[in-house]
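Naming follows writing order (A, B and C), and every chain is counted from residue 1.
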Amino acid sequence: MMGTMNFLQAINLALKEEMHRDEKVFILGEDVGRRGGVFLATEGLYEEFGDRVLDTPLTESAIAGVGIGAAMYGMRPVAEMQFADFMLPAVNQIVSEAAKIRYRSNNDFHVPMTIRAPYGGGVHGALYHSQSLEAMFNSIPGLKVVIPSSPYDAKGLLKAAIRDEDPVLFFEHKRAYRLLKGDVPEDDYVIPIGKANVVREGDDVTVITYGLCTHFAQQAATALEKEDISTHVLDLRTVYPMDREAIVEAAKKTGKVLLVTDDNKEGSVLSEVAAIIAEECLFDLDSPVQRLAAPDVPAMPYASPLEKYYLVTKDKVESAIRDLAQF
Amino acid sequence: MHKYERAGLQKDDLLYMYRTMLTARKIDERLWLLNRAGKIPFVISCQGHEAMQVGAGMALERGKDYLLPYYRDLAMVVHFGMTIEDIMMSNFAKEQDISSGGRQMPGHYGSKKLGIVTGSSPVTTQVVHAAGYALAGKMEGKDFVCLTSFGEGSSNQGDFHEAANFAGVHRLPVIFFCENNHYAISTPLDRQLSCVNVSDRAKGYGMHGETIDGNDPIAVYAAVKAAVERGRNGEGPSLIEAVSYRLTPHSSDDNESTYREADEVTEAKGRDSITTFAQYLKELGFFTDEDEQAMHDEIQAAIDEATDAAEAAKYASPESALLHVYDQ
Amino acid sequence: MAKEILMPQLGESVTEGTIDRWLVKPGDTVKKYDPLAEVTTDKVNAEVPSSFSGTVKELVVEENVTVAVGELIAYIESDDDDRSDEQATSSTEEQHVQQEEPSDAEPSMKSRYSPAVLMLANEHNVDLKTVTGTGRANRITKKDVEQFIANQTSAKNEPEQTIEKEAKPSDNSSRQATSVTAGEKVPVTGVRKAIAQNMVQSVQEIPHAWTMVEVDVTNLVRYRNEVKDAWKENEGYTLTYMPFFMEAVTKSLQSFPQLNSSWEDDHIIYKKDINLSVAIAHDEALYVPVIHGADELSLKGLAKNLQQLSQKTKSKRLESRDVQNGTFTINNTGSFGSVQSVPIINRPQAAILSVESIVKRPVVKDDDSIAIRSMVNLCLSIDHRVLDGLIAGRFLQDVKSRLEGFSKKDLS
């Protein structure tokens, strides 16, 4: 069975299927119950699963910390942070606790928990409803950070995250929720965490990206076909820990690498990709590695022209690919 | 009727109670000597907390209830099943340290099989985990309770308040056990709280709160026992504050003479439960001076043996530092 | 057996402790964990207990003395032969370090060229197939290419002035004026780059000291004027002043072998042979061919050798042996009208001498009369690691007296 659905519906379906499959799975977060989440990611689940969809007080550190406790006990909590921007109060629980519990207990305890959080901008969310915070968690061994780029991936990766034995941060681009539509099988499938995905083969320029930017890269690649520019696109899918092998292979494929993120440029997760390429691909490069990212300002402004200026778009990706192709 | 009888305890319970308290005290004293002899890098002490820890721990059911302790809970974890050798292995950071295999500093207790949940150094994070354990138990229809302990300083952390509120809202069987020893390192109580008691905070979270004498293990047992019953009966969490005094510096790295008077410590030692409870047992006729001496000697011998064993034990292999980041 | 008591580390960041008071004295019996001393550190005050049961044998550190963590403070004669302590210590330190095994199956990197290597090779027309790689799996490193270029350059070697006083400065400047356009940016390559590198290295490595003497060469000038036409006729080339200076310098070097030497890290090598490097300019480069065994040559022999090397330089036929093993450099700065210069030493030699222009000047003589004399300045740079001013000064005085005392030569 296959149905066309948007990104949000794919998330909802994955949650529903996993809750049916495993009664240890439960959801906790702000407004996730009757309201179905502010983006409706958990719509209908409270009606179906009752108290397994738990409305919490406004209390991000406790959402993470209660999830950690329950996970250590043996449950599989799926915590929702209403916006990635609001998870900073929970960072101590995520970094000091979730990430380190297996290691510090010498494998006695572990935390099979998923934390979902909408990230990214382009929805007039301004500074505190638009941030990309993945880089903050990109050097925390013990954590996994997954960012899907399509409805199909969203379902398969979320199911994998829920079944994972370690804590997974699952970032969902809020603009992707209703923008991205695609075929999503109604049957049970998982996409392995830690593996990147070649979404398009090409031999002039390699784009390495993740999340919604994968969509822009594919659009740009299609447009550039008319100019005889052939673009290879690698979607990281998991930004931590990174799939080194796939990155090296994709970089060597064309020798010209463009890294695209909607986070700001300095120290983004792609800086690590650039470092991997620097370590492994010296003799295969045909151009300097390039990064396309948001400007290095604190966060996204509210006013439309400013927001548009800040955003990575299909046109910006296209222009950067063209530029590199001509190098 | 004696108060111990009212609390539902018997002679053997009291003798066990004292033996456990004394074991913790004597381990603790040995750790200081080992530190001062340059054999172990760090000590964080339980001295002054033994009565409340053993009293509270005995109110729980081992093998069923969960403990989410903090770094001072040596006596509590000894009651929950950690052996003297376990403690020594941890202090010497040897491979056989059951809490972490030598990865964490001592005092960071954890053992799944004993129902002691692993903890960290940023204080109060474990308090939230207790709510998580309790939530899981409630969802699974279990009737276990979770006791999590922390100092009065930690009762100011956001995580305490978030956990207390969460547990209050969801009527979770959590016992918030505050071990008030008057000092958060050097900062005294009146610089930590503006209310009289930590337990005053219970009201804000819709839970039972009470303050008891932490030097009286029977009183602590009774108060925690009642909290356990409330938890098992679905009446939600409790905040129990046991008040005592920290008889040592904060840690082996601390110099307490910079912030408190020696007289104050001496006076507190007059209320030391290790002395007063022994006296109480003798008054009841449960215990003689000879019994006391024999108990001391027996424990001391066990500590000597465990010290030697831990000192001679091997470290985990250096490369094992790379293991257990993720499921393998 | 006597066991050591060491100053323990009391506190996480503590590095030393002070013995405030000994609580025991030699001869006292102590049990394991009995207190031995009161110690104060930056963080704590504590009693240090004994790690052994036994008799106090010796207190090594006195009261109120501060010692480092880990330092011996006392000996205890132990009654138990319990070795657990040593065992634990050794088990602590028993770390097996895994050696990385070099893999022999590593594929050759001989033809993996980095961008830097490719660029350098291209700039200098280096055929990379002829370069030996010293990197892993024989990869050619940037340094390998740089070394290769440097070797090629020294096989040609350098620069800039000819020995011929006749080589007119105006020629030189007009040539440069045609080859360089003002405001133009010209990449530094080839010989120029090699010269630059050598010069920089010399200046960075060698502490240069400099001194100058003026020499009255009136007699020499007269003599040369007398014989030069006949010389030209007989020998077929012009007799310049240079051979006279070379002869005087060679003789002085025999008297002062300290200047005919080189600095080699921790020792100085005094050279047996005197091989004079002579700077010869050609086109825009400076070459420094060598007259080997100068001490065995007559004035005529020196003149002839110089003439031949000069020809070879101009016709670009210098071979590598022509530029090797120089021990002292003589530099004819006078050829372009200079009267004073500070030459840079030609590594690894220890000194270089510049012969400036011979100019007629009024000179106050010993009897206070004034005379017109042909004067020349000799400028000497020395490696101050090898030589001091005293020796350099004596050497120059020796050269000076030889030149001033010049008398007619047998030029046969």
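Just so we're on the same page, a residue touches a chain if its C-beta (ideal position, glycine included) is under 8 Å from a C-beta of that chain, and two chains touch if they have at least 3 such contacts.
Predicted, not measured: the structure shown is a model, and the values here were computed from it.
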Quiz item: If you average all the Cα positions, which chain's own average lands nearest?
Solution: A
Quiz item: For the chain pairs A-B and A-C, which is connected through the larger number of C-beta pairs in contact?
Solution: A-B
Quiz prompt | Chain centre separation (chain B, chain C; CA means) in Å | solution = 70
Self-check item: Distance between chain centroids, defined by C-alpha means - chain A, chain C (Å)
Solution: 58
Self-check item: Distance between chain centroids, defined by C-alpha means - chain A, chain B (Å)
Solution: 41
Self-check item: Residue numbers on chain B that touch chain A, as the complex places them
Solution: 66, 68, 97-101, 103-104, 108, 110-112, 117-118, 120-122, 125, 128-137, 139-140, 158-159, 162-163, 165-166, 169-170, 323-327
Quiz item: What residues on chain C touch chain B, complex-wise?
Solution: 6-12, 33, 39, 43-51, 69, 82, 84-85, 87-88, 91-92, 95-96, 98
Practice problem: Flag every residue of chain B that touches chain C in the complex, lowest number first. | Solution: 30, 33, 35-39, 41-42, 249, 252-255, 257, 308, 311-312, 314-315, 317-319
Self-check item: Interface residues, chain C side, partner chain A - complex
Solution: 112-115
Self-check item: chain A residues within the chain B interface of the complex
Solution: 26, 51-52, 54, 56-57, 59, 61-62, 64-75, 77, 89, 92-93, 96-97, 100-110, 141-142, 144, 164-166
